[in-house]
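You will see chain A twice below: alongside chain B first, and alongside chain C after that.
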Partner chain A sequence: MSHINPNFAKELERYGAKDFNLCFNCGNCTAICSLSTKDNSFPREMIRFSALGLEDDIKSSLKPWMCYYCGECSTDCPRQAHPGELMMSLRRWLTAKYDWTGLSGLLYKHLSAYIIGFLLVIVGLIVFAAKLDWNQEKIMHFGHLFEMFAIAGVFAIILLPNIFRMWLYTIVRPKVKATVKVYYKAFSELLVHMFTQKRFLECEKLQETQIKWFEHFILVIGYLSLLFTTVFLDWFGSENMFIIALGYVESAIIFVVTFLFILKRAKKTEALHKFSQPSDWFFVIWLFLMGITAFLVRLFIDIGILQNNFWLYLVHISVLVQWAIIIVPFGKWTHFLYRSFAMCFARILELNDMKK
Partner chain B sequence: MSIDKTKYDALVVGGGIAGQEAALSLADMDYKVLLVEKDLSIGGKMIHLSKVFPTLDCAACITTPKMSETARHPNINLLLNTNILEIEKDNGIFSIALTIRPKYVKEDLCTGCQLCEWVCPVIVDDGFNNNMVGRKAISIAFNLANPKVAAIDMNHCIKCKKCEIACVPKAIDYSMQPQNISIETKTVIISTGFNLFKPENKPQYGYGKYPNVIDAMQMDRLIAPTRPYNSVVRPGDGKIPDKIAYVLCTGSRDTSIENAIGCSVDCANNPICSQICCMYSIKQAQLLMGALPLADITIYYMDIRAFGKGYEEFYQQAKGMGVSFIKGKIAKITQKDHNSGDLILRYEDVTTGTLKEAKHDLVVLSVGVLPNNEIAKVFTNQKLELDDQRFIKQVDELLSPSLTSIEGVFVAGTAAGPKDIPDSILSAGSAASEAASYINNI
Partner chain C sequence: MKQRIGVYICHCGGNISDYVDVEQLGKLMAKENGVLISKNVMFACSDSTQKEIEQDIEENKLDSIVVASCSPKLHTHTFRNVAIRAGLNPYNYTQVNIREQCSWAHSDKPMDATIKAYGLIRAGINRVSYSEVLESLEISAQKVVAIIGAGVAGMRAAVDLARMDNQVYLIEKGNTVGGHVAQAGRLFPTNENGKEVVDRLYQRIRQQSNITLFTNATLEKVSGSIGNFWIEVKLGSEELKLNVGSVLVTTGFDFYDPKEGEFGYRLSDRVITLPDFNKMVENSKGKLIHNGKSVKSVAYIYCVGNRQSKGENRYCSRQCCTAAIHSSLHVHEKFEDMTAYHLFRDIRTYGKQELLYQQSSKNGDIYIRFEEKEPPVVELKNGNPTIKVKDYLTTKRELTLDTDLVVLVTGMVPRTDSNSVSSKLKIPIGIDRFFNEIHPKLKPVETVIKGVYIGGACQGPKNINESVQSALSGAAKINATLKSGNINLEPIIARVNADSCLWCGKCAEVCEYDAISSIANGGKLIAEVNKATCKGCGICAPTCPSNAIELAQFTDNEIESMIDGLMSKAEISPRVESQQNNQKAGVQSLAGYPKIWRTIANALEGNTLTIPQIAEKIDQEASLVTWHLMTMNRYGFVESAGLNDNEDYFMYKLKK
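Take a look at the complex of A and B:
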């Protein structure tokens, strides 16, 4: 039994939803959406759920993740109810719901929580560096170790349980009974979408979409491979010319692409950039800072001035730590996982339906 | 006639159904009226129509007697093809500067025999029939025009002088120049009507791109008694359509127009209901069921607003006749197969929440009502205020709906906002009586 909750709109506004109650249910958004299908139609259904405050229905839905925010629904909405922005805020809200720690919700709703978190990281780092007597080698060694442990720790403690909760809400509680074979079949969907985001290419306005997809695609590839290069190939410590060059290219891709993203968000010309939340800003800016500081650190090493300019490494490591323990587990980074898993879960539902 | 051609009791701007009604009401009360019309004939939008809802009376049959009465009334002076340049109010009297554009045909001599049309070698688009057919460069505006006087379209005339030779009363005069005159009047009635939404400003619907997407005014011409063809045919290939779609709210209740085309004044967002599109679409659907008994007709709507007397019954009658009504706004129209010319309409059926695509061979866009407010610019020392939707502002909308922001200027018909024909006539009567009492109290 569903309960109507009129206060849900206020809750969603704190996640960035704008004016969605202006909707008069014409269905234009659903019909203009290139990704919406007969069996999986959105966003109007989600607007209806949100207006009525049917939290359980939203929590069990994968539809917010099916949307790639091309913005056509918002551009064409006759009421200017910004359906695309509602889908975006539902993704933020779902991220908060999946998160067992509750910190995601706190960060989305309070900008101050972000700032306190960032400051705490800086203070912690200063204390830690002081304990190591500001020994540069030791700090860099621990920096390298941190990357490995942070990845493993964040994944095991935060992300894995959160994906489990997502699975619980969308598959287990709606009583979807899927065989192992179905899971196995759907798993390929996860990898394909995680590494190619190919569904994004199905958005309308072909050429623009292709450019946008390409920017996003090389950013993802650049980010993942830089992670690999620094953690497993020890980019900062390596003397292999190929590894060094690889790291340069990857970090350059990251800061160039994210710089473009920041510009677009500032210009607000496209529907999807009209309403940026702090979480959106932090995501692109921190990614940009990571790319550029990593690039400069390696450059300083190569021209032999890092020792005299060790502050640069400290900046880099604080950006990295803030990224790894705040933005990755609780911020926008998680869309990388949730969206891919949503595709996988959606495939499970689809395969199950086909069986029936 | 006994009219002093420079002094009047009332100026009526616009010769549509509201302007005619207001002019006739005042003239019958023995006031001297000048009716100024920018086109070549009075009649406005109504003379274009096939039938009227909800009675299905022939529009031409009920509006032409009124046009004749207006044109022949001894207290009404008509100025056609005329623009108003300036209206200035001094000591309660309006001084008005007008320019009469040349017709290149002397009105008092022309008998309307159409011999000139026979001999003219130049064919131009017939605007009266929404450019679906042609007419000659010299012609009478349309066959029910009043006054029935020919005019030359100088943009296309090649000055071959064939018409001059053919004209028995020697009415043709290529040397005519615009004529500026000024008049004085005690009161002004604005009955400038409305503009129809230009459907090319909703590019998602492919009007202008796909030949078988037409607007409702074109359809009204196709089914009118004075129609250009003897049947309903679609423009792409002349096929008689058998699956016709109506897209309601094209350019009404839609604030996304500017997002799509980035224009400002004349194609701006229109958040309000146009009040007539549901009913004229239902009317056309019923007429089409008569004209094309085998055709399927589907009306895609957001809400059906059948609010007037007999309107709901008219709507139910259309349903009973077999017109399909589907709730859901059409998001986009595409023509996937160029050879067939058929169109795919994508929409969400809102009653079931399912996304659907439907194929139709003719799509009619039920275009909305936009303000026609250019008249506001001609007031020089007074400000004619506009409302939020840029219609003429009614300063006391509930109790004295014809008052405007200028004392002595009244508004009639759709110049003040969307209205159907009966409401326009009512509003014109109200404006005329307000104007009469204003003149008496000067």
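Take a look at the complex of A and C:
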């Protein structure tokens, strides 16, 4: 027995859902979705849960993460109920629900919160730089240390507890009893999907999908390896030609691909780019800024424009800090983790069902 | 007895001639008594054949014709007109049905079909030789119309009839006009108020000096027939007798009245019907208040009292989905922060009304689909409703919802007084208990009683638009009938032989239409038939003990001679096999057909096989084989040889 919550739709609209109540349950979206299966069918069911406000059912569901938003469902919806965008909004809402701090929800719902956060970071950095007497070397040293600690800190304090909560909602509370062996088997799924997003390739439209998947894939790989190159190989301080070249390539990949993403979002030609939320914009723009400032900082070092490089580095480090303590833990970045874990959890459920 | 009869036997392009030996019959009929011309024709109804018959009548001075083709339902008027054009009385023509009643029915036995056709045509020839010249009846008609019921349908029809120079009596049982619409509140799609619409119509009625409106008037008695009805109306203590040419019945409907306890109705003031809810919405300003309590959420339960698979109201009232959604939109617009739940079975917002449904979804109304076998349950805790419902759109999930108000979307039912109106006017009542038209598509506002028309929701559920449309079409039919002041009627009616009639009254007793009364004639009472009222059903003729009453075109002579014709022995020789029939001879003649037919036929040569076996043998898709085999079966090349041993497939063999 579930109770209908008529206010849920309004709440979901604040996460970007558009007109999903127009749905008259024809099921076209589900029929056309190439990722939807007989045992795991969506998006219609999710639209229904959303319209009725069955929050518990949505919270315990992994289906929003099964969707890669190719946009076919929105294109073919006879009522323009934008099922794809609803799935996207549910992912935002779930992200907010998983987040124990509540900051994700705050940021999704209030653009002002984002802006205040960004401004606070800039002010903090300026104050900090002034304290270090605007000493470039010290600041760059700090930047390097910050990256390491930010990764560890954000992961330990925010992301790990949130994944634990996701596990709680989707596996523990629905009383799924899985053995260690099942967890072990499903774990490989996590790594595969985290680094390849191979499910994305199963979306329809073949060539278009392959291109999209490839862009996304090299962006993920570029991002992760740039992170590794700057943090562990100290790209900005390195004299090794190979490392320097590697960093250039990686940062170039990031800003070129994200630039393409920004263009697509601005043009709105595809269904999935029709309704960009602030969180979507910040995600691609900050990635772009990070890529391009990192590239330029290293370029200025290499061609010896050291005077102006200080300010450029300051810009780079503020983008980096905003990224690391706002967008990564509370923004769109988390889909990288949740999606991969969702695949892993889904595999657990599947293996458990197979045993029965 | 006619001596110059023309007989035309139709091939119907093979429909008849494939089975009945039309050519032989044509030759045989030429030998019949009185037959001057006997022909077989490809299509009797074609323009060229019609002209040929006309020419034959004129050139050979035929005194009667027989057309043996299809059902008289189809072409009686076609050939009557042929006769009229050629100067022959249209009643000197007889139609013989050798298609529906012969070739189609006996396609398996062509020889017997030919023998039957022989009898039927001979019966027709015998009958036509006794046929009389009849003239259609012309009666004078009053250009006066009585409209029963002054709802929107009746009022609107009154205005049109009056503008076409008919005197109109508008008879209303209640003390005000406008019926349900006057109380309906805001209406789709113009958002006018129902009262405004009725007021406007009322003004137009008052402007027409030839409309007389009677309110608080009840229909007492109706007599007479088309052109001259007598309508007795009671106005308080006064009684009026109105002489009218035609009657339009627009008595409307009642809303279904839910039983006590039906979805909690009458158990709590929080459960009300949609008409009551609309009045409440109309009267509330700023906030929706019901019995002093503010209402923030409304749950509409659809199909109440309608679409009952086991009850008496099996039909759908077709306007209630739209009405409920329209109310919900109105509420959404008029009051802030309202929640609407629609518990429906199917949404039937047809046509432009679909946009309302779309808008309501856009407003965030929640739609929950239930089925009749698992209806929602309204539980009342301290009078506050909670609804439990199984949502068929969410895997039959059991859901609960709290609501301030439950609105029962009630359908339409026939008026409680419709039986008395029906018995006075003799309008038949359908199984749905609404008034019945003659034909839903071809005669949608006519009743079996000539001159009595039905319009609006007394005929069945309709919205306002549809009600007014049907009433106006009734008005147009009435005006067309009364316009000339005369009415032409079929002369095929009963007639009395004054000499042998002794007025026992038996004929009047059995007459369904009260068309027979007694009249003094030569010092005795005899039966008299009201020509306008008689429908020509013929039930009076066999009841007369002195055989004094008969039906034109169905006289004893005609009927007896037909029996003689049917009984006569036919001497039919077996048909010479025509080329057409050779087609059905066997595999050898498959030359002109698809290649795969020959392949299938070869596979079946000396075998009985199932479809999968054939498919395997000839290495083709089973679906392709099925398709071709079924066509071959239809053409008579193969036939079924019963089930195989596993009883999972039919076997097929070549037809010898």
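We adopt the following convention: the second predicted complex is superposed on the first by the 352 of 356 C-alpha atoms of A that agree within 3 Å, B and C clash if a C-alpha of one lies under 4 Å from a C-alpha of the other, contacts with A are read in each partner's own complex, and residues count from 1 in each chain.
Following the convention adopted for this analysis, a residue touches a chain if its C-beta (ideal position, glycine included) is under 8 Å from a C-beta of that chain, and two chains touch if they have at least 3 such contacts.
What you see is a predicted model; the values in this text were computed from it and never measured.
Colleague: If we overlay the two complexes on their shared chain A, which of chain B and chain C does A:270 touch? Say first, second, both or neither.
Modeller: neither
Colleague: Applying the touch criterion given at the start, work out whether A:41 contacts chain B, chain C, both or neither, answering first, second, both or neither.
Modeller: In the superposition, A:41 touches chain B alone.
Colleague: I'd like to know which partner A:24 touches here: chain B for first, chain C for second, both or neither.
Modeller: Both chain B and chain C are touched by A:24.
Colleague: Looking at A:49, would you say it contacts chain B, chain C, both, or neither? Reply first, second, both or neither.
Modeller: After superposition on chain A, A:49 lies in contact with chain C alone.
Colleague: For A:32 in the superposed arrangement: first (chain B), second (chain C), both or neither?
Modeller: first
Colleague: Would you sort A:6 into first (chain B), second (chain C), both or neither based on which partner it touches?
Modeller: second
Colleague: For A:79, select first, second, both or neither according to whether it touches chain B, chain C, the two together, or no partner.
Modeller: The answer is both, since A:79 touches chain B and chain C.
Colleague: Quick check on the superposed pair: does A:234 touch chain B, chain C, both, or neither? Answer first, second, both or neither.
Modeller: Neither chain B nor chain C is touched by A:234.
Colleague: Name the residues of chain A shared by its contacts with chain B and its contacts with chain C.
Modeller: Residues 24-25, 45, 79 of chain A touch both chain B and chain C.
Colleague: Which bits of chain A are touching chain C when the two form their complex?
Modeller: Spelled out, the residues of chain A in touch with chain C are 1-4, 6, 9-10, 19, 21-25, 45, 48-49, 51-52, 54, 79.
Colleague: Give the list of chain B residues in touch with chain A in this complex.
Modeller: Interface residues on the chain B side: 204, 249, 253-256, 259-260, 302, 328-332, 346-350, 353-356.
Colleague: Once bound in the complex, which stretches of chain C touch chain A?
Modeller: 297, 339, 341, 347, 357-358, 361-369, 388, 391, 393-395, 397-402
Colleague: Which bits of chain A are touching chain B when the two form their complex?
Modeller: Checking each residue of chain A against chain B gives 24-32, 36-38, 41, 44-45, 75-80.
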